[in-house]
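Each of the next two complexes has chain A plus one other chain: chain B in the first, chain C in the second.
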Partner chain A sequence: MAALRTAHPAVLRGALRLYIRAPGPPASAVGLRCVSDAAPQDQTGVPSESTEEYKFVERLVPPSRVPAPPPRAGPSPSGWTPPADAPPPLAYTVRRSRMHNIPVYTDTTHGSRRTTLVRKVEGDIWALERDVKQHLKEVMGTEPPTQVNEVTMTLKVKGHVDSELKEWLVSKGF
Partner chain B sequence: MSFPKKPASKALGILQNLPRISLANLRPEPGAKKAETRRGRGQHGGNRSGRGHKGERQRGTRPRLGFVGGQTPFYLAIPKYGYNEGHSRRPQYQPLSLRRLQYLIDLGRVDPTHPVDLTQLVNARGVTVQPLKRDYGVQLVDEGADIFSAKINIEVQRASEGAVAAIERNGGVITTSYYDPISLGILIKPVPFFLRGQPIPKRMLPGEDMVRYYTDAESRGYLADPEKIQQARLALALKYGYTLPDISKDELYHMLSMRKDVRQIFFGLAPGWVVSMPEKKILKPTDEKLLKYYRS
Partner chain C sequence: MLRCTLLVCGRGVVRLLASSFCSESSALPPNLLLPTNLVDPSRSKRPPPPADCPLPLLRSCDAVVPAHLSAVQTWVETLEARGSEPLGWAQLHPDVFAVAPRLDILHEVETWQKNFKRISHANTKIRSEVRGGGRKPWNQKGSGRARHGSIRSPIWKGGGVSNGPRGPTSYFYMLPMKLRVQGLKVALSSKLAQDDLHIVDSVNISSPDPQDLLHLIREKLWGESVLIVDVGEEFPENILQATASLKTVNIIPAIGLNVHSMLKHEAVVLTLESVRFLEEKLLWHDQRYTPLYPYKLPYSDLP
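Our next item is the complex of A and B:
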């Protein structure tokens, strides 16, 4: 079934011709004949069973867990970078999301209120806040207001700074 | 109020040492709640309350939106034209950029060592297709063509020329094929279909309006002539300025040349077969009429 099949328009027309049935006996007679002649036991209708092609079915089943990305060193063509093997020696960590990405998200409220959220922080979140403020001052020139939520361990920054923060976190090795 | 100044638990420290929070000891931040202006309550019993002076404005009897005093309004003077006629019945194709496809391959969600199908893309949670919303499949968009560098055998429903060029430049194979809405529903969710216990149906051929696209070699249609497709590959390589790699000498040539039959929905499974998932068996018909029907 995996063979190449050329289907010229002529072949298509031939396939369609099979559906044009020749005029046969009227439908009522055909129905009666089927009912009266059918034997109670099955004659040729027993299907054959096979387990060899079941491997093709197994390939169609969707995985229930997120697969681990193949190991690589350095950024991939799409820009994704794996985390460093050893966690960096800092007072805080930023874990990867379950899809193996950096957990920095942007939000826009009221059409013009832009915020960036850094989630999944563990450890000393205030040290992370200090480092983020210092890095953004170097990169952007201004220190945007930030909000630390110790209960959910998240850091909110005013403005859309997700690309800067993602690059910085990747460079740190998170 | 005294609370221990631990480096990372100021909020918890405050909460532990303060009395219980209740409605009696909560107050909004000064300046957070601004008293609203109530109209008509000013000096001397209020004034016009922001409604103006007499007329329809003050009395609230203005005519409907679009009324222009009796002259034929704009929305009636302009003649109708069917720009959006039947818009809800037009076939739609969910876009998939090459950049997203590259991202899925890099994260290991799509396996490039097997032919990539719409089932594989949906299993990887890369695209979401809704056949009940007139989606007829997925279309490849050439955003990210410059960073795309994977050699895959991919089958989509539509593809832009730039996307085709990007895939063939990396030594891959792209085919566009048609799935009628029932076959599409089965293709994206194979397991619920197998649990129904029905035989795999034949994939229907495209209708009049789509036959032209799928018999065209330029769009790599599955009904097109393979020789014309090869010529189209060379022509596209010349147009976009890259050398077409020879896939016949590739080690994955067998995988890259795998293509589904015109009436086949899944690789390796023919129409007419019933899949029994609890028993892990496949039941194939033996009656000649059925075999003739499913082979046509």
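Our next item is the complex of A and C:
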């Protein structure tokens, strides 16, 4: 009792500092600034609009078109080969897909029926069919049955021969 | 197909035809009377612009033309002056104006356009909806008549229809976007291949009189019905007044171009601006990604 009465006020204040907070913002608002903290010249009555930071939004908006692949000579490490610069001097053309790939696709129906489809053919599709049959005879030994659809300009081949056809079309320069 | 009226005397046509065949022995008797509205197709069709054409090139393709194809060349005419000489020539992109004539795609798109808006309101009442018929008309057994449960069953006169049309039925369906785009390309290519597509520098005409416009069309031998396509929300007053009262000559904005209108009208007239607009929009579909989110929301490079 006598010790409390004779304690120095500064010692008391130091001891109570743990419990008495200095007036100011709470600890959770450490990084926040108030309008009152702003420099006098920034403080205006009307808030100003600025669209300068919109560039950070614009660069997130995706493009809608497939970009052209960077020019290269020869196959890429993934195996993709660009088309030849000049179109090959043949009676037919096989265009690339929108993702710049060879348009040869395989399909399996009824569980065991395997077909290969060559799409996006332009020009003389029968000449393409002859060349395909001849090439597959050299490569596989047999001439697989093929079906030409002149309306949709597609060529269907029996069996999964997509890798052979893709290599052959790339070697032609399509 | 009779195209237009050419006011040439019947006997004059015979003399003309006989003179054009004068190298061979003409089988046409000199006193032959032919109908006056015959048109000689060899005189009415203008050959496409040659490579060394003296007239200026008014428009070349903005998009890259594939290496194995070449741009299509057509004449550019004018609607203001009455003379039928072209102003110059223009190049059109082959992937829009020279695609293969896929009649099956045209048929699909035309059928879709006709049917997707259809709501059939045919409705019949079934046995539970027809007034009455809740009570068994007579006892099951004992009356000697056939057994029935309700007087509104479908085998009764005045009864409900068993398998009739039920209520408003919608025939709405959407074809894939790329198929509809291909339909537009095929329609434009077919019109160009059959000499029914005409390019015009602008849609300004000299007078708002509908008869003047009809005379102009007849002079140019464009056909009975003409569809004029221009880009923009506003059209000049003259053309609007001229086409307002005409049933066979119509003007539409380029966003309203559709396969049914192109097939319905004999001739399609595009302005240079609308050709640029159509090429940009239709060629974008050949090189676009599949949409991450609907195209109504912003992308960075929509056409």
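We adopt the following convention: the second predicted complex is superposed on the first by the 121 of 174 C-alpha atoms of A that agree within 3 Å, B and C clash if a C-alpha of one lies under 4 Å from a C-alpha of the other, contacts with A are read in each partner's own complex, and residues count from 1 in each chain.
Keep this in mind: a residue touches a chain if its C-beta (ideal position, glycine included) is under 8 Å from a C-beta of that chain, and two chains touch if they have at least 3 such contacts.
Keep in mind that what you see is a predicted model, and the values were worked out from it rather than measured.
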Of the two partners chain B and chain C, indicate the one touching more residues belonging to chain A.
-> B
Taking the superposition as given, does A:98 touch the first partner, chain B, the second, chain C, both, or neither?
-> second
Should A:61 be classified as contacting the first partner (chain B), the second (chain C), both, or neither?
-> both
Between chain B (first) and chain C (second), which does A:126 come into contact with in this model arrangement: first, second, both, or neither?
-> first
Between chain B (first) and chain C (second), which does A:87 come into contact with in this model arrangement: first, second, both, or neither?
-> second
Of the two partner chains, chain B (first) and chain C (second), which one does A:76 touch, if any: first, second, both, or neither?
-> first
Mind working out whether A:112 is in touch with chain B, chain C, both or neither, as first, second, both or neither?
-> neither
Overlap the chain B and chain C contact sets on chain A and report the shared residues.
-> 61-63, 66, 151
Contacting residues of chain C [partner chain A, same complex] | 66-68, 100, 102, 104, 284, 286-289, 291-292, 295, 298-302
Can you check the complex and tell me which residues of chain A touch chain B?
-> 1-9, 12, 15-16, 18, 44-51, 53-57, 59-63, 66-70, 72, 76-80, 99-100, 123-126, 150-151
Would you tell me which residues of chain A are touching chain C in their complex?
-> 58, 61-66, 85-87, 93, 95, 98, 122, 151, 153
How about chain B: which of its residues touch chain A in the complex?
-> 7-12, 99, 102-103, 106-109, 114, 119, 122-123, 144, 147-150, 190-191, 194, 205, 211, 215, 223, 225-226, 257-262, 264, 266-270, 273-275, 277, 280-288, 296
